[in-house]
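Letters A, B, C and D name the chains as they come in the text, with residue numbers starting at 1 for each one.
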Amino acid sequence: MAEIAWALGKILFMLVFVFTVLVVMIWGERKGSAFIQDRIGPNRASIGGVIRLGGLVHPVADVLKLLFKEDLVPGAVNRFFYTMAPFVVMVIALVTFAVLPFGDAIYLGDKVIPLRIADLDVGILYLLAITSLSVYGIVLAGWASNNKYTFLGGIRSTAQMISYEINMGLAVLALLLVYGSTRVDAMVVEQGQLLFGFLPRWGVFLQPLGFVLFLTSVFAETNRTPFDLAEGESELVSGYNIEYSSMKFALFFMAEYASMIVAAGFISSLYFGGWQVPWLDTITLREHAGTFLGVSLWVGAVFNLLFAALLWKRYRRERGLLGDRRELEPLVLGIVFFILALVCLGAVVIASPWNLGEQGAAHFATVVQVLSFILKTLFFSWLFIWVRWTLPRFRYDQLMKLGWQLMLPLGLLNFFVTAAVVLLAR
Amino acid sequence: MFDASVGLNHYLLLSVLLFVIGVAGVIFRRNAIIMFMSIELMLTSVNLTILAYSRYLGDHTGHVLVLFVFAVAAAEAAVGLAILVELFRKRDTVDVDRFRQLME
Amino acid sequence: MPYSIHGPQAATGGKGSRMRGAELWYLKEIFRGMYVTARHFLTNVFHMADMPTLQYPDEKPNYGPWLRSRHRLMKREDGTPRCVACQMCSTVCPSDCISIVAMEDDRPDVEKRPETFTIDLLRCVYCGMCVEACPCDAIRMDTGIFEIAADSREKFVVDLDFLLNNTTDGVKP
Amino acid sequence: MEALFFYLFGGLAVITALVTITRRDAVTSAFWLIACFLNVAALFAMLSAQFIAVMQILIYAGAIMVFFLFVTMFLGEPRRVRLNRGRAIPLISTVTVLLLAYLLMRITNTQHRGFPSISDSYGSVAMVSRKLLVDYVFLFEVTGLLLLVAVIGAVYVARKPRTGVGEGEGHV
């Protein structure tokens, strides 16, 4: 019974994580693109006319609006598949999380709860299998909508996904050779050591070419610019999701981001050490838990105070400029940050001997590692956004040429060289 | 036979059902693509049998055999669909009854 | 960094679109592009106040005195309209949006005054011809109001009373 | 519990298979066949063949069926059910039905054969690959060769007809 409860808890954590990051990512996409293009971006939606959080309320407002929008189904569609497609996309995007380890383990006495949802022997092959299914949502939507543009989007994404799956598989196979295991958690554990004594033994240092191949294929698999041929606004209006509106469209939209978060999680797990904190393995973290906690609390207090001061300055500067309640926002946020700073300082005082005990140290290490995973995932999620607003879309023949004529030979080369090196080094 | 625990017979029965459905698809449909898919279905049902026996005997050889069947199925699908595309280019149909050049 | 489209990269599309070596990977250009966008992003994050964007409903652009905005009718010192209903403006109006019904005025020095004076703001093209044509400077387009919105077509047809009291502080129709 | 899952996935597999062969157009059929394959993959996993189950999803549902879908969508065949009415059909179907009856009789008549308990590592990647790459490595290589030949053959058969004398297809 307890095991089921723990499994449900882990699934819940993952869902909360995905949906929170999803909201942040949609905000980051809009705000980030705005900043990249020298605009300000969304900043109008507010809670109670005060809290705007620089536009972070917008995704929430969008979802609410889409929830209450009329659910229009065009007349000529294949209703069953049309309705199913967004769910397929969303489910497949979420299911991949099952094998992703987001932390080492929780140690409760002599009980060990590994922080991943499913203990699958096939591990990384599961990722490949589910990724290979992810094309169906788009094809289903494209075909069932009974529209030329959606159909073309579906066809394009089929060919694209088949092509880039192979490259992804080759990159992953090379990784299998390096780590000698199909389990993602074993791979992450492997990456905790040091290479040549100073470099974390991350996949990206062992497999630099493989990383570039994997990253490129992941961009293609998630239908993200520069490979978002399935959408191709300039040619296909919006590709496979033209005929969708309201919450069904929102599902497609969110699934795109969810799959990006999964991809970011896998990039960080396979090539950047997952939950491992570079140079600090679990044992070191536990031994110096008190010190780390104290330092992080001090840093937190200082930064919170800094933010509070900046916000107070801004409040003083902007007071009377807008003439309504919105100008209270810096004040409110400043107070929040000030309280946070006080909390940090209070915690420093309370925990001043900084002796957490064995159990506490283990929990502290786990929390730090989960945070490390989250930070890495957030960074790679941001990378998706950054690349999207930098690179133009590929032409279709360029996409195919890149996939088959350049990445496939390079992937094979990488694979064979890795195999030879592993064989010789053994 | 229908007791609580599932045994080899259950899997064999299921596999037979799937195989027969596949056979029916090949016999009654004239759409070459659906016929192809029925053949894939039959291959899968055979895989199910192999795996069930493999599990029954506690041996891994069946798994290897299934992998070979996968490879053969992939090869068959590739060549078969290529031929189909070529036929469609020439005849503009996938109806197998129209492909009777050798009979005439 | 000035980004030239006429550099060596531009030539890759030529000669049968054959790409060579490192160009095929686009890697160098990708990193250059990422650098450019990252620079813009960071600049804007840390200097948000310097962004050229105008927060429109809160801040309004200053168009200067030559802006032709919503019309107003001038008054005499006693509060009656300065307009003498000569029909010059409605005659010259290219979109035919002004309609005036004249009536006789009792005062000895004034011959006529408008009984009704309506402008259809939806038809008006804001050309300013009426202002030019008016012989006694009765109509002006200097209110500075350029956001003209209402929830029905009827509300866009403004009358004498409205135009007389249509001051520069932005009363909505 | 196991029986419940068996009947669930088995029933779904049979239903989806039936739907597959009765749909009008091939695209719908293909989608249902994918559903069928996923159910069969679940059955594989219940038989402790984890690796094969994932391969079933990866190869069958993920690769072969995508290929089918691609070709089907590309061809855009007519949407009419045309049943086969050849002269041999009654004979073939009779034989099939008899065969089915015989098999069902044989299977249901034998006594219940439960599965023996096995070690946890049964069906794991390591075990299957040891068998595949140690005992059957030659066959494995030959299979690779078969796939290579198939790919070359497919590319050769489906290549674009070259514009030449007598082809008369214009530039394609």
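We adopt the following convention: a contact is a pair of C-beta atoms (placed from the backbone, for glycine too) under 8 Å apart; a residue touches a chain by one contact, two chains touch by 3 or more.
Keep in mind it's a predicted model, so treat the numbers as computed, not measured.
**Student:** Between chain B and chain D, what distance separates the C-alpha centroids? Give it in angstrom.
**Tutor:** Distance between chain centres: 5 Å.
**Student:** What is the distance, in whole Å, between the centres of chain A and chain B, each centre taken as the mean of its C-alpha atoms?
**Tutor:** Here chain A and chain B have centroids separated by 39 Å.
**Student:** What whole-Å value do you get for the distance between chain A and chain D if each is reduced to the mean of its CA atoms?
**Tutor:** A distance of 34 Å separates the two centres.
**Student:** Would you mind pulling out the distance in Å between where the CA atoms of chain C average out and where those of chain D do?
**Tutor:** Measuring from centre to centre gives 66 Å for this pair.
**Student:** By the touch rule stated above, which residues of chain D touch at least two different other chains?
**Tutor:** 51, 55, 63, 67, 74
**Student:** Among all residues of chain B, which ones touch two or more of the remaining chains?
**Tutor:** Chain B, residues with two or more chain partners: not present.
**Student:** Quick one: which residues in chain A touch 2 or more of the other chains?
**Tutor:** none
**Student:** Counting only chain pairs that touch, give me the topology of the graph as line, ring, star, complete or other.
**Tutor:** line
**Student:** If I apply the definition of touch given earlier, which pairs of chains qualify?
**Tutor:** The list of touching pairs comes to A-C, A-D, B-D.
**Student:** Okay, in this complex, where on chain A does chain D touch?
**Tutor:** Of all residues in chain A, those touching chain D are 78, 81, 120-122, 125-126, 128-133, 135-136, 139-140, 143, 151, 154-155, 158-159, 161-162, 165, 182.
**Student:** Which residues of chain D touch chain B in the complex?
**Tutor:** Counting only chain D, the residues touching chain B are 2-3, 6, 10, 13-14, 17-18, 20-21, 23, 26, 29-30, 33, 36-37, 40, 43-44, 47-49, 51-52, 55-56, 59-60, 63-64, 67-68, 71-72, 74-75, 77-78, 82-84, 89, 92-93, 96, 100, 103-104, 107-108, 110, 112-116, 118, 122-123, 127-128, 130-132, 135-136, 139, 143-144, 146-147, 149-151, 153-155, 157-158, 161.
**Student:** Given the complex with chain D, which residues does chain B contribute to the contact?
**Tutor:** Touch list, chain B to chain D: 1, 3-14, 16-18, 20-25, 27-31, 33-34, 36-38, 40-41, 44, 47-48, 51-52, 54-56, 58, 60-61, 63-64, 66-68, 70-79, 81-86, 88-89, 93-97.
**Student:** Mind pulling up the chain D residues that touch chain A in the complex?
**Tutor:** Contacts found on chain D: 27-28, 31, 34, 50-51, 54-55, 57-58, 61-63, 66-67, 69-70, 73-74, 124-125.
**Student:** Show me the residue ranges of chain A that touch chain C in the complex, using the header's touch definition.
**Tutor:** Those in contact with chain C are residues 32, 35-40, 321-323, 386-387, 389-391, 402, 406.
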